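Working notes, structure below.
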Amino acid sequence: MMEFLNFYLVPGVVLGCIYALGAIGISLTFGILRFSNFAHGETMTLGVYFTLSLIHLTGLHPLAVMPISMALTAAAVLGMDRAFFKPFRNSPTIMLVIASFGLMLMIRSVIQFFWGVQLQALQTGIQRPWVLLESFRILPKHVLIIGATVVLMMAVHLLLTRTKIGKAMRATSDNPELAALTGIDTELVVKATWIMGASLAVAAGVFLALDTHVETMMGFKLLLPMFAAAILGGIGKPYGAVIGGLVIGIAEEISAYPWIGTEPLLPPGYKAGVAFAIMVAMLIWRPQGLLRGRQF
Amino acid sequence: MEQYYGLFIYGLSLLTMGGIYAVLTLGLNVQWGFTGLFNAGIAGFLAVGAYVQAILTTPISRDHLGAYNVPIPLAMLAAMVVSAAVAWAIAKICIRLRSDYLAIATIGIAEILRLVFKNEIWATNGPRGVSQIPKAFETLPQPWNTLAFLAMVLGIVAVIYLALEKARAAPWGRVMTAIRENETAASAAGKNIEAFRLESFVIGSALMGLAGALLAQYLKQIDPQVSDPLTATFLVWVMLIAGGSANNRGAILGAMLLWVVWSGSEIVSQRFLSLLSSDWLGILTITEAGEWSIRFAYLRVFIIGLILQIILQKRPQGVLPEKRPKPHPRLRGDATAASQGD
Amino acid sequence: MTRVLELDGIHGGYGETEILHDINMHVDPGEIVVIVGPNGAGKSTAMKAVFGLLNIRKGAIRLQGADITNTPPQQVVREGVAFVPQSANVFVSLSVEENLEMGAYVSSADPGPRVEEIFQLFPPLREKRRQPTGSLSGGQRQMVAMGKALMLHPKILLLDEPTAGLSPKYRGEIFQIVRDINAAGATILMVEQNAKQALRIAHRGYVLVDGENRYTGTGAELIADDEVARMFLGGGRTT
């Protein structure tokens, strides 16, 4: 039982937090900009590499420099929107999807060009787990990740429900035509969406890097689970993305548990398949997701 | 003389790879150009075809499945069939999804397939891959073996082109165009949209499998990372869009053109770097040049991506815009054609 | 006295088509002006023209004398025109209060006091202020839509078929509300399918047929007119 909790459930929650933060951005982009942004994973990677360089420059803790890398990444994303997405604001969605596909490879290649492809670490040193109640073990960095995620989600919630721009974002996601008729500045809403999505993606990336390592493919590897989480929760619904992220993260980790006999239920090499299977199942059975997001 | 011969062989290899990519692009054109299906998992079907070819034709090995000693042409056919079967299974589930969902689903499929090829070591030798794949005409002396292989590839491209052009002018093709342009009208006209989409997806994937089989022979060895799946998928998409989507001639042109750009840029950057690290310029050391050559590879991807964005914004119809085929004279009065003309 | 709104010789449509042919209308301060006509007459189109949602090829639209022809909707809102579309006219996932707040988006002032005033105008909404608007009845949603449009004291309020799809009970309520809003000072231009009821509360009306002006007069005049009555007042509208 304790083994399950310590080695499967808790890592699942941690992974779920990471997926959730990334999926919120995808959900917001889909709801407000009306397309699936394939470059979202690379946004995450970019943020992590900015963080890496800032750490090398300042020697500070990753979380201390994260706000700066969020700002840098947000600025980069706004620039990319201007150059590659804005021309297609009133075009068929597929143009945006193709453009984001191209952008995904462009960002990745820029990262690889400047930073190289070898694995790196955000923090060095081995962490010792905290031991609570004699048998519950958790790594400090996992406490950090879960705690920081909770804080970020509360911030998102407050922003969306208490600020004018947040309400405008929800309104635009709900009905963009009416938003325009009401006088809402849709370009400002678009910018706010990119900033929020990018910042959360950076957080997700940094947390993943803290948990594992830094590599150029990390964003792409997260793309499928993030999309699955967003779809599971109901695309266009940020709160759904959180639920979706947690479900998928936990499902992925506990799929390796030896539920039957002594072998993992699912060979660990196929973990990525879990997210995919859940996504396909949702798309067939209940495409609007758990919280009834936008449908086709 | 030596230099020219080297250039000649290089030119042949350009055409051969360009031809293989043309098969891929034609396959994508069936799915995207004809029916508007966004397949972002091209690399998956390529890999399926390649592995089928490899497993069926390689001699015995204790590392992976093999030694079936299937003749090469038969293996190529099998590659097409297996790819088609995989595509059929996927399409049965996913064909109704709107384009961006289909894109993410196909990316997922390609990833899963890659994992299968990587993890099922008993069958595929995992990350180490399968080598010593028999190549058509390889018993001939140089340069005839290369020429013969090239001729085969180009012949296949020609056959596919003619078949697709014929299909396009036939009722089947015109229904496809109708579905792509106005699904509601086509559906109202009684056409079973889903069945057509399924057919299109399966046929396109079969072609991709064939390309995989050709690639496996050409490279004589494959592994799960064969030609960096994401880049390969991306390259094919740029080829189609640059050449002119919905347009078979454009697909072939785009494939050849982009392949020359892609491959040529590698040569150019190598030459550039060796110039920079040469004795008389001496700006870089040899080691530095080596590091930069790796980085330049990423730059090339960036440039291809930039080309795509520019084309999307400035000339989305590609180099060769779609020209509607004239219907077969016999069928001009066919009242069941769902759409006609421009 | 400058007219609040003038449509002067409007020719226009969506894209290449022309739906409106030489439309002339005006609204004076404090009036309720109604546009009626058979289906497909271009009533809603005329309203959309004011709001910049149409391609106007000839003619001019003036708001208190200033030309607003072909001005984009977000700008028209800032000029003081509020538009309540026929359907999807509230943000269903936002609460009633949030919908009203969004109505005041273009102003940087605190919307709080005005929200309270709107609740005075539509008392049933007050107790539902935090509920998602999607959970309200059709009639209540219409109230939210109108309240949202009134947040910034618009110079003119455009209502596109406010009673469409409502039960007779709510229809009467809505017309009463329109009267009340007008009494409180709002100038209103309204498109309506329920011509008779609408004309009863209107100061003046325009009858549009096939994208052209056909009749005009005071509400009472139009009701009394035989031609108009025969055309579609008698048959009325099937619920």
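Order of writing sets the chain letters: A, B and C. Residues in each chain are counted from 1.
Everything below uses one rule, namely that contacts are C-beta pairs under 8 Å (C-beta built on N, C-alpha and C of every residue); 3 or more make two chains touch, one makes a residue touch a chain.
Keep in mind it's a predicted model, so treat the numbers as computed, not measured.
Relative to chain A, the most remote chain by averaged C-alpha coordinates is C.
Ranked by C-beta contact pairs, the top pair of chains is A-B.
Overall, the chain located most centrally, as judged by its C-alpha mean against the mean of all protein C-alpha atoms, is A. Centroids of chain A and chain B (each the mean of its C-alpha atoms) stand 31 Å apart. Look at where the CA atoms of chain A average out and do the same for chain C: the two points lie 43 Å apart. Chain B and chain C have CA centres that are 56 Å apart. On the side of chain A, the complex with chain C involves touching residues 164, 167-168, 170-171, 173-175, 177-186.
Interface residues of chain C facing chain A in the complex, by the touch rule stated above, are 51, 73-74, 77-78, 83, 85, 88-94, 98, 101-103, 105-106, 148. By the touch criterion given at the top, residues 38, 40, 93-94, 97-101, 103-105, 107-109, 111-112, 115, 118-119, 230-231, 234, 237-238, 241, 294-295, 298-302, 304-306, 308-309, 312-313, 316 of chain B touch chain A in their complex. Within the complex, the chain A residues that touch chain B are 35-36, 38, 83-84, 87-88, 93-95, 97-99, 101-103, 105-106, 108-110, 112-113, 116-117, 220, 223-224, 227, 231, 267, 269-270, 272-273, 276, 279-280, 283-284, 296.
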